[in-house]
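Shared between the two complexes below is subunit A, which pairs with subunit B and subunit C, respectively.
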Partner chain A sequence: MKARRFSAVSGHSFLRWLLRGCALILCLSVGGLLAFLLFRGLPALGTRLFFGDVPALEALLGRQAVWDGLWPACAGTACLVGLTVLLAVFPGVGCGLYLAEFAPPRRAARIRLAMDILAGTPSIVMGLFGFTLILFLRHTFWPGVNTSLLLAAACLALLVLPVLVTATCEALEAVPPGLRTTALALGFTRRQAARHILLPAAAPGIRGGVILALGRAAEDTAVIMLTGVVANAGLPAGLGAKFEALSFSIFYTAAQYQSQEELLRGFGAALVLLLLASGLLACARLLEARFRRRWQGEA
Partner chain B sequence: MRRNREHTGRAVGEATAFPAAPASLAARSPEAACGCPAREPGEGAGWGTRLAALLAVCGVGLLFVMVVAAALPVLLRPGPGWPLEWLWQPYEGHFGILPMCLGSLALATFALCAGWPLALGLCCWLLTEEARAARPLARLTGGLIRFMTTIPTVVYGFAAVFLLTPLVRTALGGTGMCLFAAGVMLTLLILPTMVLVLEAGLAPRLERLCPWGQALGFSRLDLLRLFVLPKAGRNLAAAAVLGFGRAVGDTLIPLMLAGNATHVPGGLTESLRTLTAHMALVTANEVGGAAYNSLFVAGLVLLLVNAGASLALRRLGARSGTRGGAGS
Partner chain C sequence: MNIAARVCGLHVSFGARHVLREVDFCAPAVGVTVLAGRSGSGKTTLLRALNRLNETLPQCRTTGRVELDLGQGLESVYAGPDARPRPLNEIRRLVGMVFQTPDVLPVSVARNIALPLKVVAGVPAAETEERVRRALMDVGLWDEVADRLDLPAERLSGGQQQRLCLARALALDPAVLLLDEPTASLDVRAAAGIEELLLRLAARYPLIVVSHSPEQAVRLAARLVVLSRGRVRHVLEKGSVDAAALAALLGEDE
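The block that comes next holds the complex of A and B.
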């Protein structure tokens, strides 16, 4: 009792200042990093950063190749991310729907366990998975196969799968139960209710999950390092071709830059990727907030 | 909302076109359908959802099968070039990855030792700050922490190579690429995840206590310190396990900042190589043979460590939704 009174009186303000110190350390270090990035990266932003000396329209239409700009890397990232989401949306949303609506409890627990383990798997292990898959295929059925855009997208799809499953599950659970009961009372089968009532009602939440998955796929570097990204490939030529990506070009610049101009481009790329990732997260949060407000208003 | 109504209308039309037998109406409620052995045709999942769930689970299964199948033959055949030894000298036929295991462990431990108390302090501060002037600051810090979850690790690494490394070089000597630099950045990387998990666990309990506790004259900080934290052991452990998993799994920060020397790490200013960085380097520089074998074993070790962390998290009851996934 005595010790407690002591700590409550004199230890109190010390503790409070200690906690404030923690916050200060965090704000200073992260603020310093961000300020440094902005300070070095902002002057580089502009059409020159993306297209080099090539006119923007020519580069966008693919008539002229861009060698000293970020455009091929941006296009590569866009293709990669688009393909990833294309591959991941069906299993992700479908699995989430199955988990939330149909799965018997024991099976649901098992699928959730699998998703938890998948969510905890380091991304480089996903890359290794793609790598061993290619080695395996090369030794067995398909000797000519090589790491490519499609393989990288497939591995990334596996990486973002838990994000999609979790988002779908949570969106479906947030739909008010009254809607479900009403649908059943009107004579819907459960499958019809899921298809025509619950999925449309949960759509904004699921869309938020898809955008989160986009962000995760765009920022990831380790997976694509093992599955076919290269430093100089030009625009992605097809599903079976090597490709460039924004995140990898940042890593490559830090390791191998040879001139101040390349370094500046690296800072520009880092800033672009940061803005892209945070913009996507902001979108996802906004969608989620609107979704919650809508159903809370109605429920 | 209009779209919803259209859907509803159409679906009702379909439903009335095929009227259900009145006897089956009782089985229509979800509770009844769960326990009912004889299912209605529309009650179970459609083939599409089943296929999707099957695909997702098969993906996980295939991941494990491939990684284990690649690593097991290597592990079961000890001999020259066996990966579980203490020396990495490819030209002399030594492909040991134990120094890298130790490197991963050292780096993750450093990040956890620095990051976990910091995360706890931050979380306590965010929950208990009462000075009116500091409230907006606390809200700002909370926003900053949420923003930090989106910063790509490669951006952290890039900024640190040009900002932190020179500082470390002048302060501690050496090249600046060392355990300390990588550890500091990893701390920042795992911090937001840990703070968010702690907050999600502690905030509801604190809010539940607040009306009574404050009426009795306790401050929020006292309530948190004397009543919430002593009972929140599982939550604190969950945050630590989660942070450890993320720190072990991250690739880019150790690869860019830790220097990648292959000896056993000795101190804060020494260069080291982690398992993740080792995997990235081997695939970039080698062309098969025994070096690849070490790659597969490293992958298996990482997979097992992180699967173990996930299982431990489930035991501790942390929700899967709050985790941000392993780093890139």
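The block that comes next holds the complex of A and C.
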């Protein structure tokens, strides 16, 4: 009896230590990654990294072009990510809402299958798709068209769509079923219940999906490589223009660097990308918190 | 006597499971009608048949007639050959419902009442505040929450939450109130408070209350409908039965 209790206790503590170890692996990896990036990237961080020899204010106002810094790539990535989310959020959340609340089961299963196929598509294939689309358009009814910011954002939007749909769907399915019954019993129509009760209640989960999509759009290189990114374009001049992006700068520097200084700039770019992604995450969180307070009617 | 609800030959099944068979009863326009029975006797299903909430569950099939007085005399709630009911959401708005466990929305106290008012009843924003106040006063909650209207409703006590749910139903100007064991999840004191409130409201609204406690049923009921295995076994008027006799009736077919 005593021996069994002892083995149960030791089994229990073993499991606890094992799980603690798993958590430790995660923390160590993140810590190591950050430390490495900071160690290599921080020395490079400074106005020179962003603007080269151009005065910062001149560059920020767009009065003088930067050819030797990360500023155009930062602006390009911000535009790209913003445009991608703009293009993907409405169809993504809408499709998730339809799947979770309105679609008949058989149709939902078919849509889910399509979603799974899209989710399994490698990003390079998505890039190829964009590239061939442009070729097709050029040979048919739009001869002047070229790879551009808009095309890259559209292909990225397609890439992150399944993330948004799945997140919305799961967030809505996690809403307590009692809340649906309550809304219907109060006389809400299904559409009103979805808009005024279920979507707001599912907002944190949807935000999670948007953040994942943001991160994915910011880090992806394969799609944009074939759809409009270049190593030197200056600030993005419009939806139809070529652009620079941080992820591509990192890739390009890592592949082509010729001096130690250039490599350090690559690390600087990686650090900047990380900071940019964290900044976007913080913005998303802030927006959601504000929206939540308004919905809940709290002061 | 005026009638608030009339049910004839009601039959409800979920898939192959028959929950109600040939149910007939009337609820008077004034006073509390209590549906009593042991668990599994079909009380809740009968209550939910009145505002067609059973239809939100899978494979539900309802036949028979259910008529409610929603302000213009008795009218059919279900579509039939000679009946074209109002839109479902309007029926449900006019039939207030309170559940067994308080189901406050995950928003503030005031917004719990204001949101349905705005969305379901289309009440203009200028009137909302006054109607929220009036509803909270109706259930005796105003003094307790007047300075906490912006707090999450989930922070109220169980009894307060249940009264908030009742206030939310009252704010929508219901023609009938349905309550599904409204005191089952509350402690004795909170339950007594709710019972008192129900008796007060019974002068203004027809109330149909599900209860599994014979004592409570006898205290509240102007009319008692005793259900067993999906059928109405007895319909009793106030004063014709005491708690012990009712308990015996409920245990009869065990």
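In this section, the second predicted complex is superposed on the first by the 235 of 299 C-alpha atoms of A that agree within 3 Å, B and C clash if a C-alpha of one lies under 4 Å from a C-alpha of the other, contacts with A are read in each partner's own complex, and residues count from 1 in each chain.
We take it that a contact is a pair of C-beta atoms (placed from the backbone, for glycine too) under 8 Å apart; a residue touches a chain by one contact, two chains touch by 3 or more.
Keep in mind the model is a prediction, meaning the values are calculated, not measured.
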Partner contacting more residues of subunit A (subunit B vs subunit C) | B
If you stack the two complexes on chain A, which partner ends up touching A:G215: first (subunit B), second (subunit C), both, or neither?
-> first
Once the shared chain is lined up, is A:A201 touching subunit B (first), subunit C (second), both, or neither of them?
-> both
When the two structures are overlaid on chain A, which partner does A:F188 contact: first (subunit B), second (subunit C), both, or neither?
-> both
Check the residue A:W295 against both partner chains and state whether it touches subunit B (first), subunit C (second), both, or neither.
-> second
Touched partner set for A:E170, first subunit B, second subunit C, both or neither = first
Could you give the residue numbers on subunit A that contact subunit B in one complex and subunit C in the other?
-> 180, 184, 186-189, 192, 196-197, 201
Residues on subunit A engaged by subunit C in the complex (per definition of touch) | 178-182, 184-189, 192, 196-197, 201, 295-299
Which residues of subunit C touch subunit A in the complex?
-> 51, 53, 56, 89-94, 97, 99, 101, 103, 105-108, 110-111, 114-116, 119-121, 150-152, 168-169, 172
Interfacial residue positions of subunit A with respect to subunit B in the complex = 4, 8, 12, 15-16, 18-23, 25-27, 29-33, 36-37, 40, 90-95, 97-99, 101-104, 111-129, 131-133, 135-136, 158-159, 161-163, 165-166, 170, 180, 184, 186-197, 200-201, 215-216, 218-223, 225-226, 247, 250-251, 253-255, 266-267, 270, 273-274, 277-278, 280-281
Subunit B residues touching subunit A in their complex are 3-4, 7-8, 10-12, 14-16, 19-20, 25, 28-30, 33-34, 40-46, 48-53, 55-57, 59-63, 66-67, 69-70, 118, 121-122, 124-126, 128-129, 134, 137-138, 141, 144-145, 147-163, 184, 188, 191, 219, 221-222, 225-226, 245, 248-252, 255-256, 276, 279-280, 283-284, 292, 295-296, 299, 302-303, 306-307, 309-311, 313-314, 320-321, 323, 325-328
